[in-house]
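For reference, chains read A, B, C, D and E in written order, and residue numbers begin at 1 within each chain.
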Amino acid sequence: MSLIEVRDLVVNFHTRWERRRGTKPNAVDGVSFTLRPDETLAIVGESGSGKTTVARCVVGLQARQKGAVLFDGAPVGPVAKRPPATRRAIQMVFQDPAASLNPRMTVRSIIAETWRTHPSAAPDGRSWDAAIHELLADVGLDADVATRRATALSGGQCQRVSIARALALRPRLLVCDEAVSALDVSVQSQILRLLTGLRAARGLAILFITHDLGVVRQIADRVAVMHQGRLVETATADDLFERPGHPYTRKLLDAALDLEGA
Amino acid sequence: MTRYALRTAATGVLIIFGAATLVFFIMRLAPGDQALVLLGPDATGAEVAAARTRLGLDQPLPVQYWHYLTQLATLDFGESYRFGQPAFELVLSRLPASVELTLVATVIAMSGVVLGALAGAHRGRWIDRGISGFALTLYSMPPFWIGIMLILVMALQLRLLPSAGTGTPAHIVLPALTLAAPFTALLTRITRSSVADTMAEPYVQRAYAKGLSTREVVTGHVVRNAATPVVTVGALHVSTLLGGAVIVESVFTWPGLGSLLVTAVANRDYSIVQAAVLLIAVIVVCCNVAADLIAARLDPRVRLGAGA
Amino acid sequence: MSAIAARPRLWPVRLRSTPTVAAIATVVLVGYLLVGLIGPLLIAYDPVATSVADRLLPIGAVRADGTVALLGTDGAGRDMLGQLVYGARTSIIIGISVVAACLVVGLAFGTLAGYLAGWTDVAISRLIDILMAFPGILLAIVIAGLLERSMLVVVLALSVAGWVGFARLARGLTLSLRERPWVDAARLIGVPTPVMIIRHIIPFVIGPVTALATTEFAGAVLSEAGLSFLGLGLPSATVSWGQVIANGKDYLDTAWWISALPGLALTGLVVSTGLLGDHLTQRLGTSR
Amino acid sequence: MNRSSNVTDPSSAVLDAEPAPLLRVEHLSIDLPGPAGQVRVVDDVSFTVAEGRTTGLIGESGSGKTMTATAIIGLLPAGAAVSGRMAWHGEDLVTMAEQDRRRLRGRGIAMIFQDPQAALDPTQTIGRQVGEILRRGGMPAKEVRRTVIDLLDRVGIPNPETRHAQYPHQYSGGLRQRAMVATALAGSPQLILADEPTTALDVTVQARILALLRRVRDEEGMAMLLVSHDLRVMAHVADEVVVMYAGRICEVGSGREVLNSPAHPYTRALVVSVPAVRSKTAIAEPLPGNPVSPAERPSGCPFHPRCAKAQDRCRSEVPQMRQVAAGRQVACHFPEEA
Amino acid sequence: STTTGGSSAGGDVPQELAVAVWTPIENLDPHGASSMDNGTQVAAKAIFSPLVRTVGEGKFEGVLAESWQPDEDATEWTFTLRNNVKFSDGTPVTSADVVASFNRLLELKGAMAANFTGHEAKASGTNTVVITAKGPDPALLGKLITFYVTPAAHQNDGWTKPIGSGPFVVERFTPGQSLVLAPNPGYWGGKPALNRLELRSIGEMAAKMTALKTGEVDMTWAVPDDQLPGLKGNPDLVVEKDSGSGVITMWMNSSRKGLKEAAVRRALWQAVDFPTIIKSLFPETGSVADSVVSPNVLGYAPQTPVRYDPVAAKKALDDAGWDYDQTIQAQFSQPQFQQFADAVASDLAKIGVKVEPTQKEAAVFLQDLLALKWDLNIQQLGTAGFDAATNLGRLYTCAAKRTGYCHPDLDDLLAQAGSTSDTAKRQDLYAKANKIIWDDAVGMYPMFVRNLYVRNKSVQGLAITPGLTPDFSTVRIGTGGS
């Protein structure tokens, strides 16, 4: 069974006036896809094609006009209305590494906050500090990071903390919206390694949003291509790169640069 | 545009309605009986009661409120009991003096725009420090005190200008200067920060890369961009200006709306208070509309009717 | 735009803060505070105690009982120095109370409106519009003029419109803060709204709000003086600079110091508040 | 995309020979005031930009690329201290009078900025902004209009007759970047500084802008200093590349050579980190640690904390630039085989 | 705009006078709500004519009325109107106009109407008006001096350009600011000398004084003592005093706990050094009072002065068991009483009595006054018509409930005085009443108030009458002579 199923999703940001006139296109227009446990699905597409909007619908941060999001076969609504267990199970890593951590909070309190909100996820029988250190070690950070604030961390470290925060709740789906785009290439591969490692170790499903086709090729099992709010093509990564079906996909692949063959 | 007009009208009506409602309830909650003021200490209880009936003060608050709203809609606030004239007419008759004073003050205060632009364009330099210090000091002096000090020096010591009343152009100098003082300071500060912010905008910095001199950059790119916030923030402070006018009019016995309102409050002349409040709210709304229109002309991104 | 969104500007604006000026302003402010809070303990002054034989003495004159009136006396023979000191206390107490009241109300309303959006926001925003449109001092005049005189009424009159500035600022900041990824992250976890506002919103609103508080303090002090000048609000037994200035109006020709001195004191207080406020705004705030 | 070398083109003959250096940057250092005193954000940087060629400045965030470019056009933030030489037609830009530098801006050296949204004045039409430098130069209004429309057409903006009267907010990101290029071209400069000109753009748009830049360079014979952190962009556009790390240069050489066979361990790490699209690559073995900012530059070789081959010498001694092949310099005590 | 004195220009001085009025003229309606405001009264005196006017101490002379005759018990008063008096529009003044004006006054229930509760006016013939009171009203003439007659045909004209039969006609009226008047050529008393009279309101005292000094205005009145030093030494200005009719009256609320006993009230009075306060604060306008009403009022009778004696006062308070913890709330509404009230409070503080002076808005003051929500009430009381009936007779009866004081003997005296028309007898009765009030210290009566008039010396022929409503009909502008 699929972990997540998105059915015929429609989202727009129209004002009442625009809706009445109905001239502006929807930001997301009839998108459907499924994601199995263990699977990494990448969504690619150009700027404004609706990738982020789809991701936010999945995690419940964005209201939708039409369609459904099913988690484990059960429809889920906005995040505030989800049962805590579902809420725990779907976590997200954001694009801007520094901005996704409250700059006034220490890493320790950022992670502790998740456990305070979800006592069921809190480590039992162990001190929280030990658990936090363990978690930080999992994402490749030293224990001394726990007492620091986001402002004292580099971009790559922030992104690791973000991932640690998500993992603290032992989620089943991790949504990464441009999670490596803001990072320098040398750090980008650190994070990609970390994600693939976690996926293997914890059986995470990953919804990976990016505009970098090279990264997609490295980590995705399947790829969905979005264009102007619609899903134009969904295929396994190998198929898509070798045999692009939709003209838009082909255009995208053509435009992509490579180091070699310049 | 239609949409903007509709929206503005709706907001305007709401603001006017809100301000009027607020004043209505404050007045009804206030101690002090209008009927008593009207009749003086010698009236009998029966007379007072009769007067209250005549003024509608004996009716339940919601009824009074409804009555008040109909007055509001018809611009008929009844007679001022003190002046024996229709309150709205009276208030209107005081308007020109207030408008004259505020306009002259605004013209004077425009010097703040120049000062602020100078300071903003030379941020951190001595000229900026000088102007900013001057503006801050000016802003910090209570306007009525400025007025009194002006009277002390200009009228009493130097005998240069008359200290009160109306008539000749000389009469308006001191009140207008006084009223203009804080507004000048305000405009200086707004303009300075707006110009300084604009100077730091990437597109201004990048205009230098075209080989423009500071003067060319300022005239070509800064002025227009910096003007929008000055206009909108400035318009927001028109109500401050009107508020200041009340005090300044009292200091200089300027026969405007403000001094009328202050005495009306003291005398519980409700009809005048209500009419004046309505008129002031209308003026403020009009100023904000004007500011919107100007801002829309200045900045092509501003679409009238979009957003709040 | 995708890719690198939060890049610094090419030339990040380096605000030239002036710590020395701010430090001086702070010292002056603390001076006022000490004068206002401790001065009354040192200088015995009874605003009701007149000494008609010593009326209108100039600065430095000697009273009938041999003491020196350092700053002269007023029309009822009261010591001007005493009035300045007690006036400082009034101004500071009212200024702080108004700011505290406005800050709490404005912060609560502003963050709620900004965070909850929807009808809460519409209602609060319209209320803000209405109060913004109507001149605050006029509202204060109407309220203070109609209600019985007391310090509380003055605080109320000035606060009725005063909280709007805080609310607007807090709302604006909250509107942008609620879009911040860390707020989204906390929402995803399911952090309850009150915790959300207290932990993830208010710490970032409080800086600019503090900067605004200094401006509002200055405004409250000036407005209180204005009300007292018009003879509204404060009971006559409470010394207020505005009232002293008004009292001195009738003696401009013969005893200018009665009006001039409290005006200077007031200006000094507001200027130093303004300097500190400008500094704080540069450090913590948004420019407007 | 059609970068054919045309033999009949006289400039390409020069190009193939030793091209004349248009700009020679020598030992450039820039100090900026930071919260904890002056920070040397650019340290002892030397490179040349040759006529009609594109020099690429590569480096990760904070490595000092923008500051270097900004120093060349002379618009460093207040408080910046510059030392070294920047020879431009025999004159030193560092010591040149501000008056003369201003005249050079736009006409001798022009700049294209990363974020085209922020770089355009929102209250003026695109046409006005593109033509501003012409108008200031005294060209009659009619002619300015014609030239502007022509320029917009050349950078590939459709319907320039109507488009020139529109405002920036009516342009898409790609069009805005094209307008920026047109603005830079308006003064017919000899050198264009392009700071991350495509970073904010979609791949499809990026490809078109890069093609445009190449075409412009070829057609107008302008030299270009291209600043980017994207190695793939560099590989496509740059003739020479300069790799920077923490304010210092690691490696200089022809684009193809540096990116195909990097000599500096850092360059190598960068190159292997770039995932390929046309073939499936494994995720590269990542470099340990994080890029350092100039403010916390370690002693010795700035890269040593992340370098697998670091020796004691790297920790203490700053490696000087050394020639490893013709036109190839590396600042490493133990360079890889070139 | 106006001539100012000092110049030696020959006989042909423009007859124009600019006056800064004491309180703003907001309304020209002499019958309406603000009919008793000083501004309205000043204007009315210039524009309209009353039936009678006072010449002091209970004596009156006719204006519109040629003669009058009360009946036996002063209930029914018959007024015979002067012939050939015309309104400025040329119509004659008839009894119908008088009756209509009187009825309007009653109908509008303004401040003046309370004086005439139960009165009725009837015309008998074109020239005779009969005013009938509910009971005897010997003080009627005094009440009528502020009653002005307006044409019956013009009673709803908006009152911006009213028609009257007074010495002047309205040229331009801007409420609250200025009233410009021109002479009434048909004035029965002869056309006034002034060609133009401007009554301007200048709110701020400093501004008023500046205007006087610069010659912007030629005269003003009710100038406070503290302004005199600034005016002294100006050779163009002349300062004069009226005879005054005001008494600073400081009722002590006898219905309050602690103030019930006359001994206590007298002790409080004794504890304030009024002579010194008056000398310092009101050197020109104040004099120590010796009666509840001022000397030019019918009913004035000098009483034994209350001497300043804090020791005796303290002892008396101790004896009466005064509660020194209680605070006396002293209310007043006009700001000019602030210093006075403070001075009183500080003298009382010297013997340990706590006083809290409280300034109240007029409306609140009035409400509290009538509700007896005060301990000490500071007011300046005038005596309308210079007849104690309008003061003592009105305010001190038990039924009036004004002061919290009630004394049956006093009630009797006042009732008798109110129903007699014999002047001598009334004087005697009021003198007795005066004594009771004074001795029982219903209030403190510290000071008679006179008013200062300041004019340019070119202003001549101004007859200063008590009552703060100058008469401009006789004024002319000289060459700056006397």
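By our rule, contacts are C-beta pairs under 8 Å (C-beta built on N, C-alpha and C of every residue); 3 or more make two chains touch, one makes a residue touch a chain.
In this text the structure is predicted, and so the values were computed from the model without any measurement.
The interface with the greater number of C-beta contacts, when B-C is set against B-D, is B-C. The most distant chain from chain C, with centres taken as the mean of CA atoms, is D.
The most distant chain from chain E, with centres taken as the mean of CA atoms, is D. One finds 47 Å separating the Cα centroids of chain A and chain C. For the pair chain A and chain B, the distance between C-alpha centroids works out to 52 Å.
Separating the centre of chain A from that of chain D, both taken as means of CA atoms, is a distance of 33 Å. One inter-chain figure worth recording: chain B and chain E are separated by 39 Å, centre to centre, where each centre is the mean of the chain's CA atoms.
Residue positions 1-4, 9-11, 145-146, 148, 249, 252-253 of chain C each touch two or more of the other chains. Within chain B, the positions touching two or more other chains are listed as 31-32, 148, 151, 156, 202, 205-206, 250, 266, 268. Chain E has residues 204, 206, 361, 364 in contact with two or more other chains. Note for the complex: chain B touches chain E at residues 31-34, 36-44, 47, 50-51, 81-85, 90, 93, 148, 151, 155-156, 159, 162-167, 250-253, 255, 259-260, 263, 266-268. On the side of chain B, the complex with chain D involves touching residues 201-213, 216, 220-221, 224-225, 228, 298-301. Of all the residues in chain E, the ones that touch chain C in their complex are 204-206, 209, 224, 226-227, 229-230, 276-277, 280-281, 335, 338-339, 341-343, 345-346, 349, 355-361, 364. Residues of chain C touching chain E in their complex: 46-53, 55, 75-78, 145-146, 148-149, 231, 235-237, 247, 249-254. The residues of chain D lying in touch with chain B in their complex are 73, 75, 102-107, 110-111, 113, 115, 118-124, 132-133, 136, 167, 169, 183, 187.
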